[in-house]
Every structure is written in C-alpha cells, then in structure tokens.
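Presented sequentially are two complexes of chain A, the first with chain B as partner and the second with chain C.
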Partner chain A sequence: MLDKIKKSQDILASTCEALGRQINIMEVCGTHTVSIFRSGIRSTLPEGLRLLSGPGCPVCVTDQSYIDIVLQLADRDDCIIATYGDMIRVPGKNGSLETKQTKANTKVVLSSEDALQLAKDNPGKNVVFVAVGFETTAPATAVVVKEAAVESIDNFTILSGHKLVVPAMKALLSGKNHNIDAFLCPGHVSAIIGSGAFVPIVEDFKRPCVVAGFEPLQIIEALAEICRQLSAGIAELKSLYGAVVTGQGNIVAQNIIDECFEPADGYWRGLGKIEKSTLKLKESFSRFDAFKRFNIAEIPGEETSGCRCGEVLCGLIEPPDCSLFGKNCTPLKPIGPCMVSSEGACAAWFKYGGQERN
Partner chain B sequence: MTTDKNDRILLAHGGGGQLSDELIRRHILPKLENKTLTALGDSAKLDVDSGSLCFTTDSYVVKPLFFNGGDIGKLAVCGTINDLAVAGSRPLALSLSLIIEDGFEFELLDKILESIGQTARSNNVDIVTGDTKTVEAGAADGIFINTAGIGIRLAAAELGVEKISAGDKIIINGTIGDHGMTIISQREGIKFQSRLKSDCAALAGLTCELLEKTSGIKFMRDPTRGGLAATLNEIARSGKKSIEINETDIPIDKTVQAAADMLGFDVFAIANEGKFVAVVSPESAEDCLKICRNHPLGKKASIIGQIIQTKDFPLVELITRIGGRRIVQMPYGRELPRIC
Partner chain C sequence: MCLAIPARIIELEGDRAVVDAMGNRFRAKTTLLPKAKLGDLVLVHAGFAISMVDEEEAKKTWQLISEINEFMDTPNRISG
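Up next, the complex of A and B:
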C-alpha cells in the first residue's frame, strides 16, 4: 500500500510544481472530509494543493430557517420530533433541540423506520420526522412515507430538508466559487445517483470529477487522477469506486425517490436559493408533508451573527479563518452547524487539525 | 419465606426493618460471604502491615444492566479494582452500596450479586462492608451500584506522571473500544452485537506482576470513559509532554471498528473496562510486553507509541497508516451518531 501511496504523492508533487499555482480540489462529502482528516492525508499534501470541504455535510447545508421551523414544532405539545442525532445540537434562533425544554418530545432515531414506529407507538401525537440528507438518505425517507400511506399512519409527517448534490456543485461554479479546479465526488451519493450524474460538471464547466470511496489510499489515488487531468489540461469523469458505483447508479433507489419526491427550489446555508435542488413530497403524498400539515412557509433564515459556516461550505474560507473558530465556537459550545456535525468541516479541523487553535 | 421469580424489591426493603434484614441475609450475604462482612458490624476492621494505602470510589449506572461479557455487578467490582491496580496497589477490600428501584426483580438482583461475588472471589478481594437503599420506581434505572476500594501500594510502585520523560514507551494490554461499542450496539439494538464482547476484567493480577517483575513502569491509567484518546491527553497535559502513537500498532478488533464506523463513533474515544495504558522506560518496554502477552488479559498487548519532546503545547499525535500525522483530540463528551 505504501508504494501506491508514494506513487500518487509523487504525481501530486510534480503536478503542483508543473502548474506553478495553487490547486483547489473540493471534496463534496462529509465522510470524505472526515476520512481525509482522520487519515492524516492533509499533512502529506504538497504546499500548492489545497483541499476544500464543500457542501457535503447534510446538517451543515441545512438552512437556518429549517432549524427554526423544527424548533417551533418541538415547542408544540401535540408533536414528537424524530431526528437523526447530528441535528439535535444545531443552534437555532432560540436554543437547540438539546438545550430547549422540549427534550421529552424530541427523540433521536437511527433510521426513518424508527421514526415511523414512533408514530405507530404514539397514535395521539403528531410525529414529525426531520428528514435531512442527500440522495443517500432520501430513499429511506421515501420508503417510510409509502409505508405510512399503505398503513394509513396519519399522525406521521416528514419535514423534508432533503437535498440534491449536483445542483449545489453547479451553483458553486456558477456563482460563489470559481476557484474550484476539480471535485472529489462523493462515494455514497454516487452509489445512488450514478457517476453519470456528474457529466454536466465535466462537460459544461470543464472540471475534472473523480468518484472515490473512503479508504485513504483510494482518496489519494483520486487526487492523483485529478492532478493527472489538470496537468494534461483535460476534464474527465472517472470512478475509482468501481465495486460500488456504476454509471447509472441504483435505479431502484432512484425510482422510489421519484415516486415520492419531486425536485423543488430550496434554500441552502451559504449558497442561498438553488433551483431544483431540494426534494419536496409529491402531491399524492402531501398529507405526510409537515410543511402542509402545519401550514409552514419556508423562508430564508438569517445566519447567526459572525458565523461564517456559509463561506466554509462554499470553500471560500477555511474554518480557522473564521474569528469564532476554536474560541467562541467549539464542539462543546457550537455556534454554527459545521462545528456540530461529526462530518462538519469545522468539527474536523478542530478535532484533527490541532495547531490552529493553540 | 422463599423467593420466587415474581418477587420484587419493595421500598420497604430499604427501611431498615425485617425486610431489609432479609434482603441482606438471604440475598447478599450468601453471595459475598466472608468473615468480615458476615460480622455485620458498622465498620469493617482490616489488618494491614506497614506501608501506604490507595483508596478509590466509583459509581456504576450502566444500561443495559446485562451485556455480552459482563453485567453491572462485574463492572462495579472490576472498575474499582482497576482504579486501585493502575495506582500501583494490590486490592485488599471493597465496599458495596446498592441503590435499587422499587419493583426491581429479585431474580435479576440475585444474578448481579452472584456476579459480584464471583468476580470478587476470583480476584481475591473481599467485599467487607456495604449498604442498601431503595428508591421509587423510575428513580434509578433499575439499580445503581457504588463500590469503594482499598489497596496496599506495592513497594516497587513509584508511579507518577512527573516521572515520564521523552523516549518512554506507551503500552496497552489489548484491543480498544470493545466495552463501549458492545454497550452502544446493545442499547441501539444493532444486529452485530452478538460478535461484540465487553473487555470488562480486573487487571490487578497483571499490573502487580508487571510492577513486581520489572522496574521501569512510570505511570499507569485505565482508559475507561473517553477511551484511549482521553487517557493519552490526560497524560500529555499533566505530564506536560507530547505523545506520538502509531495507528498500525494500536490493536482494534475488526467488528468493533466496523460497528464504530457504521455508527459514526471514533474508536479512540470509546470506553474500555479491562485495559490499562502504561508509560514505561524504553529499557523495560520489551520485558513488560512479554509479561503482558503471557497473561490472559494481555495477549494482544502492544507498544503503541512513545513520549516525545513537546514543541509549544503538549499534544497527542497519531502517525496514520499512510504515514500522515494528525492530532488525537480530548473527546468532548457525548458523541452523536451521524446521519449517513
């Protein structure tokens, strides 16, 4: 393994030298971010190569308004909020699910099935599933929505905050950050949507896209492949995650998403409103839509003063560039979501980076 | 009066009257029998030779009460023995306090007491004094246990974090994260739990052997809550020395790693209940390792790293599998399972 790593590292070094400029590669997946930090890859990169953590952590990209809506619902006596663990510490305008006095009706679940079961077990309450995540978690949400429809579990709704990866990548390149040279594409999401989904990024924006799994060796080889393309002045789509990712992706999962959801315009933290970038329940399942059940309008939320998570997510700054990082904002007392989620860029910098905060 | 499996603890069992007496005589004493306890005095009298004593206490509130590899009773005995062991002492006696909920089944209580008795006996430690209290249903998650322990410090044990110096080796007696991942998986009802087993064990036999047969042990600590990451950071901070560990040398069971990865936990921060970390002089490291590997509780022992010169701030650094470096941070409390 060390031979292969050395070979890839040589390609990275020679590319940086040959191009003679800063190379910016964005990883669009929170699991990649963590794996990169945890395996110490950053410490082995040549100086001219910078890895940017993109909008790939589901909790981080969730707009402030969504968090505040969840907190409002948690205040209602007739609701039980079923949420994945990462979400409970994200601060809203008035506290978080963890700090508010609503703990009794906030349940951490490990799966969407657990959320539906909560609804079955509590027929007198409205169970609202905080459905966040990308194309990886959307199928699991769709499955329980269908199940709720078949079994008429009418006290179950979902607050869909599901998001689509490719529209965010396009939005970044179209406006927020032109300095991204290439993308390390997400392994899990690609398994669902297929590597073919990144063709527009390669063809329309001429940026290399390389799909990789989460083993450090494969990540380094993906970076080397990106550098090979950059030095040759080409942009291609490649997948090194062949065993898991196909060109077409998981058709069954895509079909179930299509059956229940349709793309809708929606808000992202840092990126603002992006056309057809979120998943909204179709009309036929609208009775399970918490936005409709509780008559909630989604309007863009204001970010916490001083918090620069939005810029971190766009790759415009690195976490230590934020004046709150490591001082007012730490994993113990997070201000922004990127410090809350275990897959957030700020949390990873804080946990594995070390030097910057001393 | 006999006890059948429908019998349950009542608030009155903590009232100091006939029921309390029956709880002690019928359920507790037979399981823990020894001369000092059976005397049922207000205090236990212990005879010791000259020297110094180590004294510790810990409370146990684990959920579930029974898990693969142990139960709250075994944990309460092992945990306190281990605190005495890593301080360089040979455990002499323990106290046992039970806080039991109204309605708790006697069948479960008997199993826990049996486990306490068996663990204490097999480690040559007597439970010499104790107490029982009952609380209302819902107030104690079934049962809470407190144990305190006294140990006699071994003459050879002169342990202290201030003795640590650059070049010293770090040894651990086996795989990390087994206890915590077993508990988490069992609590969450994850399917691979059957292949996970807590490492819950009493370490005094091994630590005493190490202290008696080698001379280079400078400091020991058991990496319980907060796992290896917390223990190494505590050593680095209080010893004011940086630590460097090698990822490839840290023993981790494959199922434990898989469970941690799946649930989004960092194995370095997961609790152990049968492990110690020892800082030893470079000259004695190989001897210590040999002793560990010849002991049932140290078969997978490994030298995982060393104390290094501190630059600006004492840090724990990991040399990763791919030859990179990163910080091992002090865990910051409860870790949250991730979304995807």
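Up next, the complex of A and C:
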C-alpha cells in the first residue's frame, strides 16, 4: 500500500513540475471533501496542486430562497416539515428550523419513507418533505411520491430541491470558473447516474473525469490518474470505484426519477440559475408538489450578508478567504450552509484544515 | 454526511429489508435494486439500497466509517 501511495505521489509531483503551473482539481462530493481533509491528503500534495471543493454538498448548494420557503412553511400551523437532519441548522432570514419557535412542526427523518409515514400518522396535517440532494436521494423521493399516489396520501407533498450534478459542472466550466483542470467525480451519485454521465465533461470540455470512492488511497490514485492525463494533454473518463459504480449506473433508479420528475431550470447557491439542473415533479404528480399546493414561487434568494459560500462552492475562494471564517462563523454558530453541514467546505476547513493553508 | 453504508440484507419481504452494518440493524428498501437477495451486500443511502457492493469494498468502507467517530451520532445525513 505504501508503494502505491509513493508511486501516486511521484506522479503528482512530476506532473506539477512538468506543467509548471498551478493545477486545480475539483471534487464535487461532500463525502470526498471530508475524506480528503480527515485523511490529511492535502498536506501531502505538491505545492502546485490545489484541491477545490465544488458544489457537492447538497445542503450547501441549496439556494437561500428555498431555505426561506421551508421556514415559512414551518410557521404554518397546518404543516409538519419532514427533513433530513442536515437542513435544520441552515440559517434563513429569521432563524433556522432548529431555532424557530415553531420547531414542534419540524421532524427529522432518516428517509423519504419516514416522511410518508408521518403523513399517514398525521392525517389532519400537511406533511411537507424537504426533498433535497442530488441523484442519490432523488430516486428515494420518487419512490414515495409514487407510493403516495397509489395510496392516495393527499396530505403529503414534497418541496423538490433536488439537483443534478452534471449541469452544475458544465455551468462552472462555461462561466463561473474556467480554472478547473479536472474533476474528481462523486462515487455515490455515480452509482445512480453511471460513470458514463460524465462523458460530456470529457468530450465537450476536455477535462479529465475520474470517479473514486472514499478511501484515501483510492482518492490519491484518482488524483494521480488525473495528473497522468493532464501531463499527457488528454482528457479521459476513468472509474476507480468499480466495486460500486458501473458505466450505466442504476437504471431502475434512473427510470423512477424520469417517471416522477423532469429537469427544470433552477437556482443554486453561488452558481445562480442553471438550465435543466433541478428536478421538478411532472404534471401527473403535481398534486404532491408543495410549490403548487401552497402556491409558492421560487425566486432567487439573497445570500446572507458577508457570507461567501457562493464563491467557496465555485472554487473561487477557499474558506479562510471569507472574513467571517472562524471568527463570526463557526460550526457552533454557522452563518452560511458551508459551515452548517459537516460536508461543507467551511466546516471541513475549520475542523481539519485551518493550518494547512497553502 | 452519510457515506452510503454497505450492509447485508438479513431479512427481506417484498422490497422491505432489514440490513446489518457492523452489527447495527436497520430498515432499508430494495425498490431501487430489485435484484437484491437475502444475504447480499448492498450500499444503503437514505434508507434505500442503491447498488450492490462486494465484500472487500464493504470491509474497507466499514473500516473507514468506524474511524469517523462522529458518524454514529449523526446517521441522518445526506450526501452528494
């Protein structure tokens, strides 16, 4: 194993030296972010190689307006908000789900199934499922929407904030950040969408894409593979996570997403509006759409003043570049979502990486 | 963060499974992985099995998870 690490590190070092410029590799997965920080990989990298945390943490990329809509719904006496745990601490205009006086209306669930069960158990209330996440959680939402339709659970709705990873990568390369040289592609999202989904990034944008799991050694090997491609001047798609990811992905999950959802233009924190990047319920399931049930329009939200999460998510700055980092903004008193979520880049820097700034 | 967790299916009725990961048992659905059978190792994410996983990979991930000590306190996270 040490051999492999050494070999990979040699490739990284020689590539950086040969290219003679800064290399920027972006990971688009919160779990990679945490694994990279925890394992100390960053401190072993050559100086010219920089790892950027991209829009890979579902909580972080959720637009501020969505957060405020959730908080508004939480104020309604007739609603129960069912949410994954990470969302409850994200601050909106007036507090968060956790600090709200109405927090009795908020229930943390472990799965979409639990949210649907809440609706069955509380027929007198409208249960709204805060449906966030990428392609990993979208099929789980779709399954329960279908169940709700079959069983006519009419007090159940979802507020879809589901997002698609590849459109965000394209949006970054087409505008927000041209300096990304390659992507370390997410393992679990790829289990659903298949490594083949990254072909457009490789072909149209000529950026190496390497899918990896979360083991530090595999991450280092993926970085070495990226560097090998960069020094050869080529861009290819590779997956090192064959134990879990196939080229096609999970077709059953893809089909169920297609059955319930259609891609729609939508807002991301930091990246703004991206074409066909979010999942909206299809007309045939619109009675489960919380936006429709409660007549809510999604408008772009203003970011909390001073918080630079948007730039962090685009890889334009590193968390310590934010003047609030570690001072006004800490995991105990987070100002932006990148500090709330343990997968967020700011939280990871705060916890593991503050001293590693290069 | 929820590392999707590798777990073994120890009970299965229709698409409702009980799975075991490092001695922790919990419910999961196999709706998205209809080919999963009793005894299979699957990767569970937010309550759903999303892919098959082999023994070696499962062991590596369990090892990694047990190192992340915060993990057990916060099983309710979602990830990218």
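In the analysis below, the second predicted complex is superposed on the first by the 354 of 358 C-alpha atoms of A that agree within 3 Å, B and C clash if a C-alpha of one lies under 4 Å from a C-alpha of the other, contacts with A are read in each partner's own complex, and residues count from 1 in each chain.
The criterion applied here is as follows: a residue touches a chain if its C-beta (ideal position, glycine included) is under 8 Å from a C-beta of that chain, and two chains touch if they have at least 3 such contacts.
Since this is a predicted model, take the numbers as computed values, not measurements.
J.: Quick check on the superposed pair: does A:Phe134 touch chain B, chain C, both, or neither? Answer first, second, both or neither.
T.: Touch partners of A:Phe134: chain B and chain C.
J.: Return first, second, both or neither, reflecting whether A:Ile317 touches chain B, chain C, both chains, or no partner chain.
T.: Touch partners of A:Ile317: none, neither chain B nor chain C.
J.: Just chain B (first), just chain C (second), both, or neither: which does A:Ala264 touch?
T.: A:Ala264 sits against neither chain B nor chain C.
J.: Touch test for A:Asp86: chain B only (first), chain C only (second), both, or neither?
T.: A:Asp86: touches chain B and chain C.
J.: Which partner does A:Ile256 reach: the first (chain B), the second (chain C), both, or neither?
T.: Only chain C; A:Ile256 stays clear of chain B.
J.: In the superposed arrangement, which partner chain does A:Gly213 touch: chain B (first), chain C (second), both, or neither?
T.: In the superposition, A:Gly213 touches chain C alone.
J.: Is A:Arg42 in contact with chain B, with chain C, with both, or with neither (first, second, both, neither)?
T.: Touch partner of A:Arg42: chain B, not chain C.
J.: Is A:Ile192 touching anything from chain B or chain C once the two structures are fitted on A? First, second, both or neither.
T.: Once the two structures are laid over each other on A, A:Ile192 reaches chain C alone.
J.: According to the stated criteria, A:Ser111 is in contact with first (chain B), second (chain C), both, or neither; which is it?
T.: After superposing on A, A:Ser111 lies in contact with chain C but is clear of chain B.
J.: Common interface residues of chain A with chain B and chain C?
T.: Dual-contact residues (chain A): 30-31, 38, 58-59, 84-86, 108, 110, 132-134, 136-137, 188, 341-343.
J.: Once bound in the complex, which stretches of chain C touch chain A?
T.: 1, 3-4, 27, 29, 31-34, 43, 45-48, 50-54, 56-57, 60-61, 64, 67-68, 70, 74-80
J.: Which residues, counting only chain A, touch chain C once they are in their complex?
T.: Touch list, chain A to chain C: 28-31, 34-35, 38, 56-59, 84-86, 108-114, 132-134, 136-137, 139-140, 143, 165, 186, 188-189, 191-192, 213-215, 243-245, 250, 252-253, 256, 341-343.
J.: Under the definition above, what is the set of chain B residues touching chain A in their complex?
T.: Residues 188, 263-264, 312-313, 315, 317-327, 329, 332-333, 335-340.
J.: Chain B touches which residues of chain A in the complex?
T.: Per the touch definition, chain A meets chain B at residues 1-2, 5, 30-31, 37-44, 58-59, 84-89, 108, 110, 132-134, 136-137, 188, 216-217, 220, 330-332, 341-343, 350-355, 358.
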